[in-house]
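Chain IDs A, B, C and D follow the sequence of writing; residue 1 opens each chain.
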Amino acid sequence: MTDLKKLHKAIVEGDAKTAVEVTKAALAEGAKPLDLIQNFMIPAMDEVGKLFEEEEYFVPELLLSGRAMRGAFDLIRPLMAAQGVQPTGRVVIGTVQGDLHDIGKNLVAAMLEGAGFEVTDLGADVAPEKFVEAVKAKNANIVAFSAMLTVTMPKMQTTIEALKAAGLRNQVKVMVGGAPISQAYCDQIGADAYSDTASGAAAIAREIVVNQKVSAQFAEKGEKTLAGIAAAGKGTK
Amino acid sequence: MSKEKIFRNLAVSGPQDLIFGFAPKPVKCGFDLTIGAGTVFPEVNFTLPVMDVSTKTWPEVIAHYEEMATNILKRAVAMKVPGIVLEFEQLPQMTETPEWGAEITALLERHLKQNYEKYGLRGAARITPADIRGPAGVKGVKPVMRHGELWEKLNRSFDLCIAAGGDLISIESIGAKEVHDEGLMFGDVRAIVFALGVLACRDMTWLWSQIVDKCEKSGHSVPAGDTACGFANTSMVLAYQKLLPDVVAAVDRAMAGVRTLKAVECGAKGPSKDCGYENPIVKAISGIPISQEGKSATCAHFSHVGNMSSTMCDLWSNESVQNIRLLSGNAPEAYTELLAYDVRLMNIANEKKQGKIFQSWMIESDQNVSAIGTILAPESVYTIAKAIVAEETDYLRTVAAGKAALDIIQKSVDKKNLNLGKKELQWLERLHKEFANLPKDENVLAEEIFGTMGHLFDPECYGLKVAAAAAK
Amino acid sequence: MSKEKIFRNLAVSGPQDLIFGFAPKPVKCGFDLTIGAGTVFPEVNFTLPVMDVSTKTWPEVIAHYEEMATNILKRAVAMKVPGIVLEFEQLPQMTETPEWGAEITALLERHLKQNYEKYGLRGAARITPADIRGPAGVKGVKPVMRHGELWEKLNRSFDLCIAAGGDLISIESIGAKEVHDEGLMFGDVRAIVFALGVLACRDMTWLWSQIVDKCEKSGHSVPAGDTACGFANTSMVLAYQKLLPDVVAAVDRAMAGVRTLKAVECGAKGPSKDCGYENPIVKAISGIPISQEGKSATCAHFSHVGNMSSTMCDLWSNESVQNIRLLSGNAPEAYTELLAYDVRLMNIANEKKQGKIFQSWMIESDQNVSAIGTILAPESVYTIAKAIVAEETDYLRTVAAGKAALDIIQKSVDKKNLNLGKKELQWLERLHKEFANLPKDENVLAEEIFGTMGHLFDPECYGLKVAAAAAK
Amino acid sequence: MTDLKKLHKAIVEGDAKTAVEVTKAALAEGAKPLDLIQNFMIPAMDEVGKLFEEEEYFVPELLLSGRAMRGAFDLIRPLMAAQGVQPTGRVVIGTVQGDLHDIGKNLVAAMLEGAGFEVTDLGADVAPEKFVEAVKAKNANIVAFSAMLTVTMPKMQTTIEALKAAGLRNQVKVMVGGAPISQAYCDQIGADAYSDTASGAAAIAREIVVNQKVSAQFAEKGEKTLAGIAAAGKGTK
């Protein structure tokens, strides 16, 4: 039997090649996808998250581990979908129109992926209509805006209005961030949550989903989402 | 297209010649302002508060710039500054509609002229169009750099701003950012070196020879210089947030010197732009005056080199602050007085031949706090500059700059001056190896990176022919 | 009531002993913080943005102070400051509801404690209740100073803040402001001298002996000191706006030294408060450490002494900035880093025994720009301090301070160092005459001023018996 | 006959005693009040205003001249009122509730008086109701708020609302100022005019009145107001 601890180690060390090999071998030997996720992949990413929090890991290590996990998870996703297991949540993220700063946004996207979210990254300079389209197409429950310029921040409000006009406002929680953004500005434009760090963004997103503050349609499948599974795993459901 | 002038030796004979206020090749510009001839001037950068920029709000935008120009110059006159540079960093919308950027350029020149004629206030305006080429960061879209609608607008923005009388022309060019960002995110040293040493240098040459050409034809505008803000400020800010290793940001900054120097090789005269913390390297090699920012720019971003950054500045800047109300008045006015007091101390120290004493405190303040501080000390800057001019090609000069920075950091760690954490030391080890393994021939690296990151950039946009490397 | 200790001679033997970071009587306070023992610390003052303060908005107010304390101390730890003072200048509503001021005092002490225990960050909080007595400036109402509901609230505010663990207790007391303001407005020198030399000194004694008493009983809180903000900052700001002669503001500032010294005579230990530009005089006479503000406080007001004000500081302050967003982060955080870099330079200069060199540049920067700058130079401060201690009573000491300042300004004008405009020179002339004509006996002046301005103040509120002068 | 140029000189030199004596003597000799105002008092204050603008005069000189003019004008006011001549305008001014800073406000009050306005100064820490009362009682056409604290600035808006509730909003133009105030804040709270200097305040007040932007009831007597007279005097009606 393949030693699954090697999967955990490969993810923590950002070794995508080994992670994929071990997962392939394990599945071939009949390992249960749910077991791989619950007992190896999620604990590995939690360890990576902790190493990042304690400044043991920098962004490169974090992203390489994320890449390794995604590599292994891609082999499992079709099986999970068959059993109706949903991603922790579906996020659409982008830097608002007129603004090309994307480093902060990319980090938030990476952290959300690490936390088991399905992330649709629209890139930078994203017009309001494109956010609306993606939220509809992906049936997202969280939309995240980033802005770095005082003169593009107002576009966050324009985009929220576009979501309202399209009747999607209640389907999503709106998260905002970027150096010049503040909790006060978040409240002022009627967004739902603000954080000044990428890890903060992931924590809020998880809280939104786990506390079922998200729209009904995910509610009943609570424990079937990755975060739900992870929470069950840790008995903190 | 002006011919490139490659610097084979340094403009200074040693670190002792690198001091704030003095540059081997002073620059005369604007309204009787000579930068680098023994006096440090404040460079005030001012921007809009939270508001939309559109045809509908344009009158309000103009009202803000009128108010900012009036308040700043009123403060400058009250403070009896020896001279002043106003920096207008165009926001993207103002470059996308070139006429807008030019209208504000003309407005600033009018204010400077009035204050020069009425109070004898020496001054100049630095105009910095936004590098809207690409567009950068749009998913699945390879940035288009040398043609297309966005380049046309940027090109026209230069022409209209020069025609509007812009005294100093600058840009924070972002050629190769798409590869450099990816390199930073994944700690891919080879991608970082390729982006800075090959792609970025090519883009700088292509872009700056055109800017220099336009300025020379205008007979008025001075091609001032660039800044590696999109590269080394990204890594510096990330390092400050502990998201990237400090040693990576320090090596990135040293290498950025080669890329920013290209502007001068193409004919830029300086002052090189404020957020280019690599400018001291450019000054050591080319002798042009430079603008710097540090402790008085915490309104724009934090850094570990708040004092080190003033060691060799010819202009001292606040990077950028919005037109918002503080308890005294508007923020641009408050920062003008702060900068004016900062430069007064530097100028008095120089007048009393004690500039070096002041510099020694600035160095000691930051030298051993971070690796970036260590490599930006005058002595380190001189060592890095020497290593650069000893090489032939942009690529080899970039690698040499990186290696020089690594050696300086290693020596400081060994002497227990700079104490780095366990993680940083591991990365230092790794960087030594990575730089040792870099190929001598840049084409080898080009093919390799095209193989791994070919989906991100278009070699033709950098005039680069890459043999279609077998997909890995 | 603690007995008054009158200083007969100076705490320093000459101007050479007056330098930033060192005070003859250092003060130990808060979390292992010793002020005046060779290290300058930043003093960060932070206040609310534009918002209403009421029971309804109180949770939001607390959220602001939580955010400010967190951001400032995070920045202080990142900058490895040697120590820090947080100044909480209570807004009127927070003194009118004493529990509010105390709640925020406790909040700040909690944050300081956490950061001391977790990072070893040395720190202290200065609590400055608002002097709501009077109320000042209400038409036709003579301010009530020694009794009444407003005094009760202020008194209770001191008690609750001390009970909440406030490390340093200060106040910007406004006794006699009603006469001083009128004197400034009409250029009535006799009224100004009477207000500062007689009424204000009496109020300071009455108020500060009680504050000192409360602090001594607490066994924790240090009675830190006052500031003549309501007097000499009013005249300085007016002079800066060219609404009052610079020479009047300079003489006003020198005289304010006697009034602010009263707190120390009653037992205050220092650091005297940041906006008291007269504090160097207090330091020269009493030896206590002082807080000062200048170029890094342009967020709160402008001045001509941005560098001079750092010549003898033991704490370096930003005076006050709202919790508003700049491009880097919130303003209090940005100013913490700025102040941290400023003090690093001062501390390094002192470590290298070069503090006096740095001070010489600060002096030269502002000495000949304004009359206020001239009288705040260490040499002038020493001369004024000597003139003060040579006199017996508060009144005569105040007159002596004014005359000393006039002589210093006159000498500088004669030597062509300070060049004043025609108007200013006329006022200088007039001031010489006014001071020469001042009566030796303060009671004569008391009766005269009671005659002209009796409608503005109540002598009993200052414990003053004035023979009912025949109505003029 | 009394040499009236001495009145002009006494006002410019802030010599209240002489100004009163000369006016008394002139009136006794049958001089016309309107002539005294139009050809001596207002030109004198204009000269003082100019000296102040050119930083020849400081605030003390300005206020002493103002006091001299008021002394002379008090002798004339009853005669003017009899002929139906109104003051340039009636201003109610004060520092808003909770704020004790009054130096700036006092300067503005003095400048307005110098410009011929009837000024009711409510002092500092003035509650909204007291502003409403005074505007009603004095039939004011301009109300001026001063504030120096970020936490008392909102009271400007509260007081404007109180004026609206009392149906007085349209009777007055609202002027605001004080170090932390800005044109943006003025617009935000729906005030009519902002200035960062006392002389600016007087200029705006005069412009409001002279351009009849003030409520109708002063309109038809336009030329009969001091400013109207002064304007007529200078042919700039």
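Annotations for the structure displayed:
Criterion: contacts are C-beta pairs under 8 Å (C-beta built on N, C-alpha and C of every residue); 3 or more make two chains touch, one makes a residue touch a chain.
Just so it is clear, the structure is predicted and the values come from calculations on it, not from any experiment.
Across A-C and C-D, it is C-D that has more C-beta pairs touching.
One simple way to say how far apart two chains are is to compare their mean CA positions; for chain B and chain C this gives 42 Å. Mean C-alpha positions place chain B and chain D at a centre distance of 53 Å.
Between chain C and chain D the centroid-to-centroid distance comes to 35 Å (mean Cα coordinates, whole Å).
Residue positions of chain D touching 2 or more other chains: 150, 179-180, 185. In chain C, the positions touching at least two other chains are 47, 301, 322, 326-329. Contact topology of the protein chains: irregular, matching none of line, ring, star or complete.
Every pair of chains in contact is given here: A-B, A-C, B-C, B-D, C-D. Chain C contributes residues 67, 325-330 to its touches with chain A in the complex. In the complex of the two chains, the chain C residues touching chain B come out as 47, 75, 78, 80, 294-296, 298-302, 306-307, 319-322, 324, 326-329, 331, 334-335, 337-338, 340-342, 344-345, 348-349, 352, 354, 357-358, 360-362, 364-365, 369.
Interface residues of chain A facing chain B in the complex, by the touch rule stated above, are 55-61, 63-64, 67, 95, 98-103, 106-107, 110, 121-125, 149-155, 179-180, 185, 197-198. For chain C in complex with chain D, the residues that touch the partner chain are 47-53, 91-93, 132, 134-141, 181, 184-188, 234, 238, 241-245, 301, 322, 421, 423, 427. Within the complex formed with chain C, the residues of chain A that make contact are 150, 179-185, 196.
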